[in-house]
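Note that the chains are named A, B, C and D in the order they appear, and that numbering of residues resets to 1 at the start of each chain.
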């Protein structure tokens, strides 16, 4: 029964939401209270799991369900690949009424075979969705048999949307990796500076902006989980010497359990901005040295940090004046809630508020500190109408958020920049800081804002 | 004085128009009577010369004149190149009022230098146009000096538009080649089957459709004049063993003078259609053997002809039924006037008339023979209104002509196919026969003709 | 006659289809102050929402009943009622459309009965506060068809909920507009109708709601679209004009309810289809076609002639939902192109009459592989994701249909009517010509090595 | 302020310019039953004719005085008279426009005097047979400027020949339309003017003559265009609206002749330009802007927002004649693009105000080389021959201006007015996005070698 496997996930001790609870609350698990019908937004557990696993670029990702689950959804993420683009194909069993009546296991079995014949992937992920979960398709059994038959991992990801939120799906994906993938393969070689990056999904190439810096410092990303990953890289993650959980709520269970099982120390960090990036590098170097890496790693890392920060300062100059004092409304989630605040402040901008809806307690604290303890600048969910008013009234010069809230800003005719997964530019690390500064500067100074906010001829007053 | 150099050209003995004249007429030269102001069509001498020489793909072609001569005109020909595309660049001195007042020689001198510095061409052709001819720029002197200075041929082409027709320009281009180019370079190697093709301009790749056939028969095109030619290939034309003048009026002087000077036999022929192509191959093989090539060339050529003709017959089958009995109005010039007639008849089509405006006497005779002596099917210039009427009345199923008359057919809502230089398909040789058949079939059967000729809803009668 | 094939394969690769409830939602967004409510888990709404946003680049009001595990197992009626209550009281939509999803369909809930019960209870409970909200049931199962089927079901649902017998209204048309019509198409259709001195109600009318205009206020429901009042008067017309085979169920129901004659035009692309529209409008209006329409027809004739040169004999592979496919096949073949492969989303009536070599009910991988099998093509016509097939086939892509996520302004494309047909004819000819221009004036095989210009070359003696 | 540079070079490489007499001819083709006559050698006409045909794909009436060597030396007046006589008697044009060429300019013939003499003689000689032909002198020397200068000269010539004081006519505009307006632009402009309840005379009006319609008969002169009768009534308007700086001479002359106020709008591309037009039309009509215009403006705002995402910070190199350049630079920079290089055909008033890094009076080779020097660009905007520069710069090309010889239907492009500005904004954003899509989701440098999947790989012990 699915719920049996869900309970431990809800009980995640690494979860900040959970840690803050009374025992009674804990008993109920850290499952947030159900979303309100008619007033909800956000994806489902399947959505979260797919986001987390799909960046494994050489695997086949088969969605077992009706057309809605993949037809409305395939190739809509901006995870980037340096090789295979199999992960971008939309693979689904596209269940029909007949499949529902007769059961979809046989169709799934054939679909797996077809995917393997056509693409010869190193592994197949099979996503269970609501309808076949309801009708009782046993995808665990199908996947086990297919693994046997095809001589490669065929991995069930049991995430029907109805079991919960996108965030839950992230964690279920993590559980899936822990159960089926991580530790199933040994690396060809290991080094004392091998690391794993958890929940860094290489959105439009974020990962590629930090990779060169790790290389300069002498660290090797043994296992990206899962951005631009090959399946075998995830499978060998257990040989990393330290790991970082990049998006704090997503897949924190992976970091914690890798520590439990293989003694790999982990920390929560971010590549958002210069300060966070330097901090992440420092923490890694410290942990690696603690794990036995040569102690000069720390000095090498500091040297890299110093050089990179100096370079950023130099190249930031052209943007300084444009950005200075500009007011930002930040509406994002996870540890971007605080990391972006520090980033924007480093750019000389004023953050008038940040949403901490999806942030951990730790994250909220950091955001509060950055905003001089001004609790009124920490928002939960802002209703669209209120957000529209804030922007229309000019309380902010620009909003940074995800695609869903963009039209609030745009309809209020205020500059907006995508900082979530649909953006077209990578903002990670030192290089990304400069890209972000450039994009903000370009957006703020685009002449269209004057134009769209100017009066229409019929509003100018001097015409009939 | 320019006219001094023009007289011999007007007196071309190879010119059919001329041969038919009385002595008195001959005295006036073969210059056609001047075009009628307000009722003329066609290009000027500069136009004709440029058409003839521009296909030399690796040369720089500089037009010395005001913007009209090149700005309205560059890269408007469909001569194809297998290499350099320098010939497609629009190079001009773009004379201003000041240049006209001060004289343009110095500007031309600089322009030549710039062209050589930028493109490093093996040769430069400089075209004299009306305005600098009128103001007296001495391009001969400039070119001679530039040849000296730059160590490569800089060749004056004295063809101000006012000296006459496009056809005259073709011949002046031929004279230029005879005076400055042909015979100035020896080939690396020669063979007894080296040939020259004169006035074949490789329109959309015509040449490439016949080259493989020559190769199969064991003949080598030593010198294409000038389609897809490199300058050095034209310069070594005097070592050809036989030549063919492909477009009978254009550059017949080149064939004749090459015969005079170097004893190279020539003939007038065509690659339009199967019969003409086979005839050209036969003539070449006969001439080459007469010039000393191994006698088995004739048998080899016959074998190639037999094989190619059989292949054409086989591949023509799909079009036979579509084309059978369709009536064509042919409005073209040169030896296409007759060669196309035979081609279309070979396709099973009925030629209801052909324009012999620009044909030689010989060509007119051939056309008359092909049309069973029906003189009424040999047209001169047809006024547009009359042509429109013929087509509108359905006297022809399709018109084949050049771009200028296309709108007569199209406005009459009749199928039309471009058979002149602006076409997008090559119709030469055996391969071209099949391409032409395909294009005619596709054009005739395009559903739009039914549509554009159908009644509008308001003409259907049953609506108000 | 080409019978549609369904490829025997368990694995769909790169679906052409989107889900019918997405189509139903979109239709509901074409009604003023409309609000679609997807009855399913949150993801059903989230995926549809994201895709609609990526295509239209507009705010998309779309809600969910947010079914969890318990409701999924025990039944979701309570969630449905709660959602409707919340929306009616908070957002006050003029039309609230309930779209079941695969999840609720699978449980075989008797949604229609549930909805009646909910409406009764809420009416009683809320009284005046219920307002003018029209509750619409838009049953479009996830399992049958795609966007156009869902759209058709939603429009039928609106007719079911709103249409009542009304006195005929001369000179007015009720137009049931299919999912294959863009905002640009709808603008053009309305202009044409008005050029004949007629007025019309478009249902749905995305040209007022998802046309990309910048509103002055924030709205939780759709802005623009078919006015609420017009829904009560769907029967107050002189005739019904339905565009697209998939509008037939809605048109038939409306005709039955209101006793109006129906004209159904399956496409508005291509000269003949435009002529049919002209004939219908001439008949309904009793007026001869106005000068502007005649001029546009004459310009189209010229465009067909100009375009056929590049198009005749070229091979065009097309992927689109059935009614859009019909229009695209029509114009491509009118221009003399051949369609070696057409891929569509479902078996729909009349498809077998399309002049294509192969018609496959399948996915975008079928488009690619079947066209490769058939020897390739010169042009692909399809939605944005067909770019992969186009690249594999080394052919340009003309984007039509849904979704178009990699460009802006697609909703303003107009490929119907005399003008729109002209535009698509030009687009086809230009795409083919531009693609072939790469090879124009270049040899058919690798070029011979250039002989370099060298000044030491032997020069003739004399 | 960017001062236009003229590159010091004797050799023009790939001209952007065409000849002014070609422009003059084209303007004359925008008059009903117009007939341009180029006074020069046959080639002058042949080249212009071929290029016009390749661009418009329509029959182009264009004649020549066919000067030979003797006439060139001794003077071509006899040929001119013979040509006019032939044309007036045979083709009976409503407007016969005489365009001198470089050849006749160089001889400094006093064309104006010659023409007066010829007209007098022929009038006397032909009497009634002269008919209604209006003889126009369109002096546009080959040596100064390009198409738009010739066009402007021809329109001024028409005004000179035809305009007389007339009673004002309320609610009517005389619109002097610049050479940068396409058929699509003219259609849109007329629609907008009429939306305000005004009527207008467009001079010239290519939208009636070179719009691509299929005529029922063959005509030796232009079909459609500004009606002959309207030329007599150019002054019977409430105001003159001139579009394009190059229409100023014609507008000033017309204003002087007829005492009408002139509004000159140098471009109709870009929100501000469209707003100016709206303001003018509001003033002239005394009416507030109609709903459709307001809607189009709102849609444009949305389009600007949607398009700026892909456009901000991108680099656009532009080659166009001055007034077209102005519009293209305006919309590109409005969207946040940078224009590292703009190339134009002549020094025209006001160009120094354009927000570009470099403005070169030059050719398409300047476009390519100067843009390369400046570090390349993301998009090229220019006429068809700019494709070479675009390819060299690895950038897409948006085709505008003249000539566009490699596509059909270019005359129906509309890049002016609220709608047209929307279209060009979308075109810019989409061209850039499509070009960048090649690299989207791909690493910035060569990809690491794929580790192949092999079943023999070491597997973890536990």
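Descriptive notes on the structure:
Rule of thumb we're sticking to: a contact is a pair of C-beta atoms (placed from the backbone, for glycine too) under 8 Å apart; a residue touches a chain by one contact, two chains touch by 3 or more.
No experiment lies behind these values; they were computed from the predicted model shown.
Looking at A-D and A-C side by side, the one with more C-beta contacts is A-C. Among the other chains, the CA centroid farthest from that of subunit D is the one of A. In terms of their C-alpha centroids, the spacing between subunit A and subunit D amounts to 51 Å. The distance from the centre of subunit A to the centre of subunit B, with each centre set as the mean of the Cα atoms, comes to 66 Å.
For this pair, subunit A with subunit C, the centres built from the Cα atoms lie 33 Å apart. Distance between subunit C and subunit D, defined via averaged C-alpha coordinates, is recorded as 36 Å. The set of subunit D residues touching two or more other chains comprises 58, 214, 301, 305, 310. Of all residues in subunit B, those that touch two or more other chains are 410, 413, 452. Because contacts link the chains in a way that matches no line, ring, star or complete pattern, their graph is best described as other.
For subunit A in complex with subunit C, the touching residues are 2-3, 34-47, 62, 65-76, 89-97, 100, 107-115, 118, 130-131, 134-135, 160-166, 384-385, 388-389, 403-404, 407-408, 410-413, 422, 452. Note for the complex: subunit C touches subunit D at residues 57-58, 211-214, 295, 298-299, 301-303, 305-307, 310, 387, 406-409, 412, 422-423, 425-426, 429-430, 433-434, 437.
Of all residues in subunit C, only 271-272, 275, 278-279, 282-283, 286-289, 294, 297, 301, 304-305, 308-309, 312-313, 333-336, 440-444, 447-448, 450-451, 453, 455, 457-462 touch subunit B in the complex they form.
Residues 9-15, 17-19, 21-22, 37, 40-51, 53-54, 58-59, 63-69, 71-73, 79-80, 82-87, 90, 101-103, 106-107, 141-144, 146, 214-215, 217-218, 220, 363, 365, 385, 405 of subunit C are the ones touching subunit A in the complex.
If you check the complex, the residues on subunit A that touch subunit D are 58, 78-85, 88, 120-122, 151-152, 183-186, 188, 204-205, 208, 230-233, 235-236, 238, 410, 413, 424, 438-439, 442-443, 445-448, 451-452, 454, 456-458, 460, 463-464.
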